[in-house]
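The next part holds the structures, each set out as structure tokens.
Common to both upcoming complexes is chain A, partnered first by chain B, then by chain C.
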Partner chain A sequence: MGLELRLAWRNVWRNPRRTGLTIAATVFAVFLVVFFVAMSAGVHEKMIEDSVRVHSGHLTVTGEGYLENKTLEYGMRWGDPLLEALESDPAVTGIAPRVTGFGLLSKTAKAQGVMVMGVDPAREGTVSTLPDRIQEGRFLTGETPRGIVLGSRLAKNLGALPGDELLLYSVAYSLEMAYELFTVVGVMRLPEPALDRRFAAIRLTDAQEFFVYGDLVTEVALLTSSAEAAAPLAQRLRDELPQPRARPLAVHTWNEVMPDLEQLLLLDDAQMYITLAILVIVVAFGILNTILMAVLERTRELGVMLALGFRPAAIFRLVYLESLMLAAVGLGIGLALAIPAVFWFEAHPIWIESEAMAGMVEMFGMEPVMTWKFKITNPIGSAATILGIASLAALYPAWKASRARPVDALRAI
Partner chain B sequence: MGDRPVGFQNVWLLLSSAGALGTDRTIWRLAFRNVFRNFRRTAIVTAAIAVGVGGTLLTMALNFGLMVQMVDTAIATDLGHVQVHGAGFDRDPSLDVRMRAAERVGREVIGEAPGVRAWAPRIRSEALVFSPRASAGVTLIGVDPKREAEVSSIAASLTAGQYLGETKRRVLLGEKLARRLGVAVGGKLVVSAQDTSGDMTGEAFRVGGLFRTASTAVDEGVIYLWLHEASAMLGLDDEISEFALLASDRTVADPLRDALVAELGDGFEVRTWGELQPLLVYMIEMFESMGWIIYAVVFVAMTFGIANVLLMSVHERIREIGIVMAIGMRPSRVVAMVLAEGVMLSALGLAFGLLATAGLLWVFRDGIDLSVWEAGLSAYGIGNRIVPVVRPGDLMAPVVATILTAFAASLWPALRAARIAPADAVRRV
Partner chain C sequence: MSVRGATIASVWLWVAVGVGAVDLEPPDAALSARDVVSRMEDNMRGVASSTCDATMTVTSPRLPAPREVRFRCWEDRVGERSFIRIVAPAKDKGVGFLKIPPNLWNYIPRVERTVRIPPSMMMQSWMGSDFTNDDLVRESSVLDDYEHVFLGVDPEFAALDGAPRRVHVIEYQPHEDAPVVWGRIVVWVDAERFVPLQQEFFDEDGVRLRRMSLGDVREVQGRSVPHLWRMVPLDKDGHETKLQYQSLRFDEPIDAAVFTKRNLSRRE
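Then we have the complex of A and B:
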């Protein structure tokens, strides 16, 4: 085996130019694969985190049926037993109870349909970034009743400024008409334009009063350490949460609450992997060609080796080792270049300057920033792909080399 | 044959070889034979180029198909090619901005504008709709059912019930919204909105029909009703918010807008689909620049492969090249020969790549079914079936890129070949 390794290594460097070119192509491919996979991981994670910190949290606890219908009918009781049960799980890092309803918000002659979210001012910040998104005025506080915070585009469309009084008009849980005057206390900027145009927040207690909702809420949003940690936590909560008698509780992960986001990410990934697959195939042909040429020009030499008693299996292994070594050198250099690059970009995200690009990215609910994320699965996956494709490419040349008959081979030039 | 840095000499060699390429047919014949000298090697590199060209073209075609569909769906759902509003609607898209004398303007100006295929008047207002079970904030759109059916796809997207007809007080809404409100066809809804004098009005309607479009925003947030009923409810008098127009296709939206601006004058805002939804335009631009990145990446990878093959081809012919140079072939013609070989190799790969693309396009001529991603797609207004679209311009890119790649890849091997010293070369085995 030691001999084969030494032979293979020497053969790799027999034609340094050819080997250099093939390695350069491999380095190029490895670098791009690692770099783009890391970029996609970073951008996707950012999209998920940005979205969960506006909408749903990593997990949403609701009354069963709420997610499908999103009406007040499917409320759940919010009180100390549930709060204590949630707080007792160490993986839960944020808890925000909410009442989400719909209404018409009007200022003099202008009216706009809105989603009104009743939030607990003290708890909301533990899950969402809503309190940090204030541009003008301030966020809701526990003391001042009937304050309302508007999305910036909503405020603009209504022509509302902090201090203005708005009439909120909707249908209560009791199915009676509900009217109430609210005072604008702040304006916040939400990343998603569609949401920014229709979103208003009031205090949870005001919402419960307005919708005649008692101590019910429509959902409790939870934050945990990461998107990946959501599924196991959801499973645990499903088993452990105290189930009320009336309507059972349902625990949803972010991807159940936002299936469109998850699918968009999958589609985006599919597209990237297709492109990378094309790249890797092109490079694989390069490796195949190099190894095949290296075998063909050595027909005579291989024949001599066979005649001297080398087993065909040993020749097969030799050529195979050459191919893997070739790929491994490219892989090593590629990873050595790509991993630091990924770490550098992870520490220095790029803000998108172009207004057009930024607008587009915002439409998908994300801040206009490109981020990278290093995951250990990325270089491992890339290494497995390159080595796997190299072993596929080596199959034909190695088989061809081992099949040579010494007599014919010796006669070849 | 030591390596020397690229210098004036090489530039001169390349320039004079360009002359040989243009005038000497022998060069091309030699190159052609050399390409097929090692069939296996040529086949492999050709396959690599074909996969690169074909894969990139198909990816681009699918991307572009996705874009085209997104734009066309948006246009067909409710955008139209051009919309006309009262001046100031862009800043304040509310009932405050209205166009008066809608009947006359529609008939005499909008309908007569050159290139208009169909047009429809609309009233838009924010409204609250509630059922016995729930309520939702929506955009209320009052339409002329006959004209609307010519402009938008709502009439064609009905999945239950009937389109707006003779029966009074009917509304159309998306299936998703109906499910949320817990109503079916024939169910009762109260639509409540603020009229022009600032008072809340509410009127009862029945669900006439349900629709499902490719856009979640429309399916969850829009209700349609008769123009005159919306007008009465909101206290309007021959006033509307919007004219939606269809031209023969979306590329002629700009001239149509210009004609309307000239005809209507001040007091109106005329905007094309691209101005109304700039994000769609950005998206197309972004996908196009992404396509170029893909080309660049794949073609750089191909360059390595082609260069390697040519280098091998030169390397194993050192003796032969040495001999032809010894009997008087000029270095510039040796360069030309290797360049021609590179171009032929690439052209061969290109031809196979284009052939493969054509075959795949034929296979996918009815589109690729992406319904597994329906929720993700419809949230952004894309249908389930993506038909790849190749424009003539898309074919130019791989052709130009392949030729550039071929030259870039052949440069080094060609110059190396020209520097072979005949005396050394003929002595080699």
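Then we have the complex of A and C:
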């Protein structure tokens, strides 16, 4: 075996330029794979974190059936037992109870359909970035009753400024007409235009009064350490939360609340993996080509080796090893370049300067920034894929070499 | 069998399995579906104006007890304008609705504001009831916007009032370009008095969404007029809205000033 390794290594460098080029191609492919997988992981994580921090949170606790119907029927009691149960789990880092309803909002006779969310001003910031998104005025406070904060596009469409009195109009839980004047205290910019056009926030207690909703809430949004921590926490909460007698509680993870986002990420991943797969296959053919050329050039040499008593199996191993070495060297250099690059970009995300591009990205509710994320599965997976495909590509030249017959081979040039 | 015959036969099948009515007798030969609808329309709407006093009772699993809303109404059928003023409960007293096509306005006295209900809210509940805003403002003409198909005659239709009545069963199929929200409507029309006794509303996929039953038919100025309208949404358990007219009067002179925004925002 030691002899074969030495022979193989020497053979790899027999034509340094050709080998160098093949290795360069492999390095390039490895670099691209690792770099883009890390970028996708970073961008996706950022998308998820941005989206959950807009308002949904990593987890949403609701009454069973609320997510499907989004009506006031599915409320749950908000009080100490539920709060204490949520606070007792150390993985829960933010708790925001809410009442979400729908209605009309008008300054003059011209009304706009809105989603109005009653939030606890003291708690909301522990889950969402709503309080930080204020452009004009201020966010809701516990003291001032009947204040309302509007999405910037909604405010523009209504022609409303801080200080204006708006009529909020809906049907209460009690099926009475619900109407109340609210004073605009602030305007906030929400990243998603569709939401920015129809989102308004009022105090939780005002919402409960407006919708004649008692001490009920429609949902409690929770924040935890990361998107990945959501599923195990959800499972734990499902088992541990005190279940009310009237209607059981349901715990949803971010991807259940925002299935569109998850679909978008999966689609994006699929596109990326297809592109990378094509790249890896092209590189594999490069390796195959290099080794095959080397084998055909060495017909005479291989014939001599066979004549000297080398077994065909040993020749097969030799050529196979050459391919793997080629791939491994490329892989090693590629990883050595890509991993530091990923770490560097992870620390230095790139902000998109172009207005048009930034606008497009903002449509999806994210900040216009490209981020990278190193995960140990990325280089391991990339290495396994490249080595696996290279070892498949190596089969043919190795087989071809092992089939040489000494007599024919010696007669060849 | 002609195409029309085949259509009617297939509709018959539909009635048997879909509508779930008892077996129907074939339609009266002397009357076309359009004749029936036209006579019913003439009876129900062949007036220039109407005024009413009514009580709406909303039943819902949300409510510990049914909720009542009393209102008065004025309708100018020629100008397609109407006006509603809420009388009770006290909290909503003075709330007004004014319809001047294509708009529906809502005045709220407590905050002294008038809102125009946008088109996107038309299919939403009217005052928490099972009637929609669209039910209030609907302008579609039953005669012009629909094709009428005679499904048959039910000799013993159990009306809301109890006593079995002989009814024509007619299906309305909207014309393709008609401004209509329903896929189709089936109407049970009293064969003697030409009063609708029941209507069922289907969506475009043929799903039956709601049923309106009518009863308490009284003679008013030579017309047979149902005074009790009961709307039941079929996709929601335990919901029901009853509209009981205490009085309905036709062709009394109404001051044109009633149908103005000034009148709407007048405090009583």
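Here is the rule we use: the second predicted complex is superposed on the first by the 413 of 413 C-alpha atoms of A that agree within 3 Å, B and C clash if a C-alpha of one lies under 4 Å from a C-alpha of the other, contacts with A are read in each partner's own complex, and residues count from 1 in each chain.
Here is the rule we use: a contact is a pair of C-beta atoms (placed from the backbone, for glycine too) under 8 Å apart; a residue touches a chain by one contact, two chains touch by 3 or more.
Quantities reported herein were computed from a predicted structural model and do not represent experimental measurements.
**Student:** Sticking to the clash and touch definitions up top, decide whether chain B and chain C on chain A clash or fit.
**Tutor:** Overlaying the two complexes on chain A (C-alpha atoms) leaves chain C and chain B clashing.
**Student:** Counting only touches as set out at the top, which of chain B and chain C does A:32 meet: first, second, both, neither?
**Tutor:** Touch partner of A:32: chain B, not chain C.
**Student:** So, does A:111 touch the first partner chain B, the second partner chain C, both, or neither?
**Tutor:** both
**Student:** On chain A, which partner's contacts cover more residues, chain B's or chain C's?
**Tutor:** Chain A has more residues touched by B than by the other partner.
**Student:** With the two complexes superposed on chain A, say which partner A:169 touches: chain B (first), chain C (second), both, or neither.
**Tutor:** After superposition on chain A, A:169 lies in contact with both partners, chain B and chain C.
**Student:** Figure out whether A:181 sits in contact with chain B (first) or chain C (second), or with both, or with neither.
**Tutor:** Once the two structures are laid over each other on A, A:181 reaches chain C alone.
**Student:** With both complexes overlaid on chain A, does A:380 touch chain B (first), chain C (second), both or neither?
**Tutor:** neither
**Student:** Does the superposition put A:194 against chain B (first), chain C (second), both, or neither?
**Tutor:** first
**Student:** Taking the contacts chain A makes with chain B in one complex and with chain C in the other, which residues are shared?
**Tutor:** Residues 72-73, 104, 106, 109-113, 169, 171, 175, which sit in both footprints.
**Student:** List the residues on chain C that touch chain A in their complex, please.
**Tutor:** For chain C paired with chain A, touching residues are 58, 60, 62-63, 67, 89, 91-92, 95, 105-106, 108, 110-111, 113-118, 120-121, 124-125, 127-129.
**Student:** Taking the touch rule as given, give the residues of chain A at its contact with chain C in the complex, in rising order.
**Tutor:** So the residues of chain A in touch with chain C come to 72-73, 104, 106, 109-113, 167, 169, 171-177, 179-181.
**Student:** Under the stated contact criterion, what part of chain B meets chain A in this complex?
**Tutor:** Listed in rising order, the residues of chain B that touch chain A are 40-41, 44-45, 47-48, 51-52, 55-56, 59, 63, 92-96, 125-128, 130, 132-139, 179-182, 192-194, 196-198, 200, 216-217, 221, 278-279, 281-283, 285-286, 294, 297-298, 300-302, 304-305, 307-309, 311-312, 315-316, 370, 373-380.
**Student:** Note which residues of chain A are touching chain B in the complex, please.
**Tutor:** Answer in residue numbers: 15, 17-18, 21-22, 24-25, 28-29, 32, 68-73, 101-104, 106, 108-115, 157, 159, 169-171, 175, 194, 198, 259-267, 271, 274-275, 277-279, 281-283, 285-286, 288-290, 292-293, 296-297, 356-357, 359-360, 363-364.
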